[in-house]
Each structure stands twice: as C-alpha cells, then as structure tokens.
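In the two complexes below, chain A is the common chain; its partner is chain B in one and chain C in the other.
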Partner chain A sequence: MEVPIVRLVLENSVMSRPDWSLAADGTFTPGIHLVSGDVGSGKSTLALLMAGLAAPRRGAVIREGIGPAMLSFQFPEFHVTGLSVADECRSWGLEPGPVLVSAGLDLSMDRPALSLSRGELKRLHLACLLSREYDLLLLDEPFSSLDCPGKEWAAREIGKRSRGITVVFTHEQCIFPHTDHIWEIQEGALVDCGGMPGALHAWEHAPALIRRLVMDGTVPDDLTQDAIMEAACRTRE
Partner chain B sequence: MIAFENVRFRALCVPSLALPPGVTTIIGPNGAGKSTFLKLCAGIREPEPGTISVDGQNPRNTEIGYVNEFPDRNLLFSTVMDELASPLRFRHMPCTETDREVRACAETWGIAGLLDREVKRLSGGEKCLVALATACITRPRVLVLDEYDSHLDAGRCAAAESVLRSSGVGYIIRCTQQMETAAESDLLLFLEKGRILYSGEPAAVFSRLAGTSFYPLSWRCRS
Partner chain C sequence: MQDPRIRILAACLLSAAAFISLIGAVAAVAWWLLFTPRLRCIRHRMAVFAAWALFCVVSLVIYLSGGDGISYLVRMTAILLIGTWLYADSVQGDFPVLGTWLLGPKTGFELGMTAGMAMQSADGLGDDFARVRLASAQKQVPWGIRSAISVGRVLVCDALVRADEMAELLAVRGYRRGGTCCPRFRTPVWDIAAGVCAGAVILVAVIPVSEFFILYR
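Our next item is the complex of A and B:
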C-alpha cells in the first residue's frame, strides 16, 4: 500500500510590512522541527503562515497530504473558550479528570480557567492539545511560562510524537524535545540548519552551553537534556 | 529593606522575610504563589493579615514599576510611544521632556524602532520589552517583574539583565523560569505551595535543589 506523502512546502514565500520582511523557502517533512529566532524576527508570523491563517505577499505555502492541523498560540489565554477548568477540557472533547492527571495539575474542576496562573493555564492548554493527533502541529513558544518540571513534561510529550509534522517555535535555552531538524530566522530569512546532529554546527541561535559543546568537539546527538548531559560528560573523558 | 511580617494572603504564608537592596529572584513550581508574592510586593494586593514595608513605607506609598506575567495585561495604550510616555504624562511632565525621556528609554531598551508601532501588532517578546521599559521609565524605587523573560530570546535576556543592573533601581524583585538567570541574583527564594522553603545566595539555594529540574543545566554539566 502506498504511503501518502505528508509535507509542507514554503515556496519562495515572502511576508512583509513596511519595516520588516521575512522570506521562507523550505520543505517540512514528518518529524520534529525546531525554529529559533530573535524577538520580533517573525517566528509567530511564520507559524501563522504555515497554519494557513496568514497569506504570503509573494510565493506559496503548499500542503501535501495534510489533514488535521493545529496551531498553539504562545499566549495560552488566547485559547480559552470554557469558563471553568472542566468546561475548558470539555471544549476540546476531553474528560477533565485524565487531562488534569496528565498535566500534573491539582485543581478544582470548577475554578475559572482564567484565574489559573499563566503556567497552570499553559499546562492545561498543552495537555488538551497534545492529547490529539495531527498531521501538522505548530507550537509557538510551548515552553514559555512553564516551570522547569512543566518544561520537561512538555518536552517529553512533544518528543513522543511519532506522526506528522511538528514544528516548535521557541527561544528556550535549556529544555528541548527530541529534535530531528533545526531552522532559524536570520536577517529576514528562514535558514535551514539541517538535520540533527549536524545542524548544531550551523545553528547561530544555539544556547551557550550547546555552542560550547560543539566548539569542544563533543556534539550532542539530540537536544534532549540527557543527550546534552551525555555530551558534557564526554568532554571530561 | 523590604520587610514581610506575619504575611498571609490566600494560600501564601510568609511569617518573616527581609529583602535587601539588589536583585531578588523567586523561583518555584507553577501555582506556588510567585505571582501573588510579587503582587503583594508591588502593593497591588494587600496582606490579610500582616504587613509589608519598603524602607519603612507601605508599598502603596512607594514608587513601584510592575510587569505582569500576561504581556497583554501590561499594555493600556494603542501605540508604543503612548505606552512608554504614559507614566510620565500621568505625572504631568512637559511634552518636550516626555518626548526626550521616551526616546532615551526606548534607545536603552533597544526598542526605538518600535515607537510608532501599534502594541497589538507587536510580537510577544516585543510586548515584554515595551512593558519593561514602561515600568522603568520613571526610575522607580522598586521594580517587580513577573516572568518578564518568558518571551525573550537569549540575547534580549542578557541585554535586559544589563539594563536592569545599571538602572539604579534599588530593589528588583522578579520571578523567572530560567534557572541560569536566577543564578545571577543577589538573593534567591524557592517558593512551593505558598511557603518559602529556601532562601539565600543562589549557590546555597540550588544546593538544596540538586537532583531536581530546578537545578541549572549548565551547573549539572560542570559538576
């Protein structure tokens, strides 16, 4: 049986404002992709473009074999549609109990969703979102506002995704999911750093610790904390 | 000194605490009460019961700059220029002086190019930078910053740290989920379930957190 091709192609896509532009050209295939870039470089705009919520001024965004798709905004409050925690879970078609357990949240079901701390709200949002399967999942700053255990949980859950294209737009410096491919936005253009681990040599926005490991010649195989620790231990051998 | 005496507010309980001048960072799990603690420091909430004083004054009688953890909740005006100018205009500063101060502040924070932009069209990180600059523009005695760095890239975080350190603000009280940033504090507090479990210099507090997710990754790699 023929396996359908799933991919998203940015074909000479250009988005622009009078004082800013972003050119994106590249193909995203199934796996976990990391996109980094400075504040205001256009990560969120690129996510909107890939989600089909914004159109390029020039070029095209081509989706092949992509069915269910989802964009997670960086601000979890933008996603809230239920008044209470329970309502919010049910708005995703989910039973609240298991969602709260998976998110590690000990909350009253009746609590107003918008009374949660930002980190709690982000956990709730991600737990709902990640309970479903998508052909294209775009995560804009999934780690912002999460505490360290929450970031590790989110990284594990994202890293488990074995289906479809997952794109993580982030400036996180320490906690990453298993990553297959790295991209970054530099001087108004999306740059393909390549697949892991070779991409680490080209990644201008690499966190200081990873840059140091690469310079020392002990390149991590992955971006997970275990892989980084393993590479750091290799340094001392 | 910022002094807490027998402070309670909802689940938060701080029997006694003294924050010296400098940078105090509070870390802990989501929902631990960090934002509540910061709102009390800023005078946005008042303890029930207990007292908080800033050099002997009620926080509400002290010049305080505050940045909310929800970036959109910081922004009141439609353009960056108006947002930055607002604390000065509320003080009836003359227009030419306001304009000069706004441009100097924007330059310091690296957001001069944003002055004419509509705040609703800013990125998350840009909103945070505008909120930070607005909180600092009157050179308050106390700055209270709730996860101001959660939408900033590494370069902007480092630049913000440098600007804050050289701002001359007496007390900077902040929370962050970046442990490498927390490690650069004068005083570190670890809060869990409304209680301060550990406080002291970063090395001492992190030594109590060894083996947890809160221990800085770069420290794990060097140990």
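Our next item is the complex of A and C:
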C-alpha cells in the first residue's frame, strides 16, 4: 500500500509590509518542528501563511496530502465559541470531562469560558486542540500565559503527537517539547537549522544553557528537560 | 488637520448640524468633501460599510413605515463620514493634551487619558475581530447571528480584561490622580478656515435657509 506523502513546502515565499519583510523557503515533513525568533520577527505571520490564512506576496505555499489543519493563536480567547466550559469543549466535538482531566483543571462545567484566567483558558484550549488529530497543527506561542507547571504539561502533551506536521512557533527559552527539527527567523529570513541534534550547532536563538552544552561538546539529543538534564550530567571524556 | 482642538470642535459642530437637519447634513458632507482627504481617510472600510448598510436597513424600515427614511439616511451618513474622518485623523496623545488644555491637569488629564485608551482599544478591535473570525472558521462554525454574538462577547470581554490589566498597571506604577501635560498646538491657517466653515455649517443647520435669502421672502 502506498503511504501518502504529507508535507508543506514554502517555495520562495515572501511576505512584506512597508517596514518589514520575511522570506521563507523550506519543506516541513511529519514530526515536531520548532520555529524560534525574536518578538516581532514574523512568527505569527509565518504561521498564518502556513495555515493558508494569508497569502504570500511572492512565491507559493504548497500543501501535499494535508487534510485537517489548525492554527492555534497566541491568545486562547480568540478560539472561544462556547458560552460555558462544557460548551467550549463540545464546540471542539469533545466530551468536557476527559478534556478537563487531561488539562489538569478542576473547574465547574457551567462556568463561563471567558471568566477563566488566561492561563486556565490556554490550558483548556490546548487540551481541546491536542485531543484531536490534525495533519497540520500550527501552535503560535503555545507556552505564553502558562506558569512553569503549565509549560511542562504543554510540552509533554505536544511531544506526544505522533502523526502529522506539528509546528511550534515560540520565543520560549526554558521549556520545549520533544523536537525533531529546528528553524529560526534571522534577519528577515526563515533559516533551516536542520534535524536534531545536529540543529543545535546552527541554532542562533538557542538558550544559554544549550549553547553552553554544545560548546562543551555534550550535545543533548532532544530539547526536553530530561534530555537537557541528561546532557548536563553526562560525564565528559 | 493638525490642531486637535479645532478637529474635535469641528466634528462636534458638524455632527450636531447633521443631526439637526437635512440641510445641515448636506452642508456637513460638503465640508467633509472640502476639508478632508475624503475616502482616503477611511480606515477599516469593511466596518464603515457594515455600519452604513445598517443605516440603510433602518432608513428603509422608517420609509416603509411612513417616516422620512431618506432624511435619516443622509443625516446618519454625514455623521458616519465625520466620525471616520475624526478617527483617522487622530494621533496618539491628542486626547490627554486636549483634556488637560480644556479641564486642567486633574479631571482633564484623566478624561483625556481615558479617551486615548479607548481609541487605542478601538484600534486593536479590527485585528482582534479578524483573528476571532479566522479561529471560528477553523472550527467550522458557520457565520451568522449566533456566531456574531459569540464574536461580540469575545471582543467585549477582551476589551474589559485589557482595561482591567491597564488599571492594575497604572495602580502598580503608583498612579493616583491627574497628571502632568504641557499642551502645545500647531494651528495652520487651513485648520482655522476649516473650523470657521464648520461653525458656518451649524448656522446653516440651525437658522432656516430662507433667512439667508431676503429676496426669496
């Protein structure tokens, strides 16, 4: 049986505004991709482009074998369509009970969704999103508004995704999900740093700890906390 | 227009003129054609068009129920055009400066700052609206009255949360009351001419036209 090819190709795509532009060229295949870049570098615009919700000024975005796709915006309230917590879960086609358990939230089902704190809403939103299957899942700043335990939970849940293309756009510097491939936005261009762990050598936006580990020759296999801890504790020869 | 005092006074006079009479509304539109960049100054064109479409529906209802729907439409269109010009021509910092000049560094500054923050919030609403619609479309929620209510709820709650956060920020930074502001205005001759003409428009609206034409009487 022939396995369908799932990939998203950015073919010399250019997005621009009068005072800003971003050039993107590369192929995203199934796995978890991390796109890092400074605030204002164009991560959200790139996410819109990849989701097909914005058109490039030049070039093309080619989607092959991609069925259901979803872009999660940085602010979770933009996605709220249900009045209560239970309605909101159902608006994603999910039963509220298991979603709340997976989000680690102890909330009344009848509570208005928009009365939750942004952190709670973000957890609820991510739990709904990650309970569904997508061929292309684009997460714009999934760790924003979350406290440390929340970020660790989100990283674990994102890392569990085993099918489709998952792209995490973030400027987070401490907690990351399991990552297969790293990209970064440098001086108005999307740069392919490569697959893990080799990508860590080319990653300009790498957190200080990872840069130090790479300099010391103890390169982590992954970006998860466990992998970084393992590398930091690794005995050098 | 560079002087916010004349800009806001002119907008108030023109809106009042348009509201008072049909002649005033026509004169206000004439003023808009003469003193503004006209259609080029309209930001968020879709929102303006939606508001105008709503006025058309209301005027049709008034017309069908025996009222003067056309007069209503012309007057509301004039007010809409003046409002869009005022919104597009405002720059950040106009309101605190104007408020302080008008009512002093306590009440005036606070009112001006509140108005400035409201304008800032209005600026972001268009982008938020676009994002919420995209998010709803991704969830395959059909666009209709129900989803419009949901979008409205999100936007209103978001605006309230931001206002709350801004209030907390001001309190954390030690803000208690009033502020220091040194209003300075640039008043080109063109602004003065526009202000005088706005005054003439309100006169046209208030005084019957026949008063201007002695021969006609």
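Throughout what follows, the second predicted complex is superposed on the first by the 234 of 237 C-alpha atoms of A that agree within 3 Å, B and C clash if a C-alpha of one lies under 4 Å from a C-alpha of the other, contacts with A are read in each partner's own complex, and residues count from 1 in each chain.
Rule of thumb we're sticking to: contacts are C-beta pairs under 8 Å (C-beta built on N, C-alpha and C of every residue); 3 or more make two chains touch, one makes a residue touch a chain.
All values derive from a computational prediction rather than experimental measurement.
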{"item": "Clash-or-fit label for the pair chain B, chain C on chain A", "value": "clash"}
{"item": "Touched partner set for A:137, first chain B, second chain C, both or neither", "value": "neither"}
{"item": "Most chain A residues touched (candidates chain B, chain C)", "value": "B"}
{"item": "First (chain B), second (chain C), both or neither touched by A:10", "value": "neither"}
{"item": "Contacts of A:182 with chain B and chain C, given as first, second, both or neither", "value": "neither"}
{"item": "First, second, both or neither for A:77, with chain B first and chain C second", "value": "both"}
{"item": "Which of chain B and chain C A:53 touches, first, second, both or neither", "value": "second"}
{"item": "Segment of chain B intruding into chain C (one of 8-16, 26-34 or 62-70)", "value": "62-70"}
{"item": "Chain B/chain C common contact set on chain A", "value": "75, 77, 118"}
{"item": "Of chain A, residues touching chain C in the complex", "value": "51, 53, 70-71, 73, 75, 77-81, 83, 91-92, 114, 118"}
{"item": "Residue ranges of chain B in contact with chain A within the complex", "value": "28-31, 34-35, 69-72, 113, 122-126, 129, 147, 150-156, 177-180, 212-214, 216-218, 220-222"}
{"item": "Of all residues in chain C, those that touch chain A in their complex", "value": "128, 131-132, 134-136, 138-139, 141, 147, 150, 153-154, 157-158, 161"}
{"item": "Chain A residues within the chain B interface of the complex", "value": "19, 36-40, 43-44, 74-75, 77, 105, 116-120, 122-123, 141, 144-152, 171, 173-175, 205, 207-209, 225, 228-229, 232"}
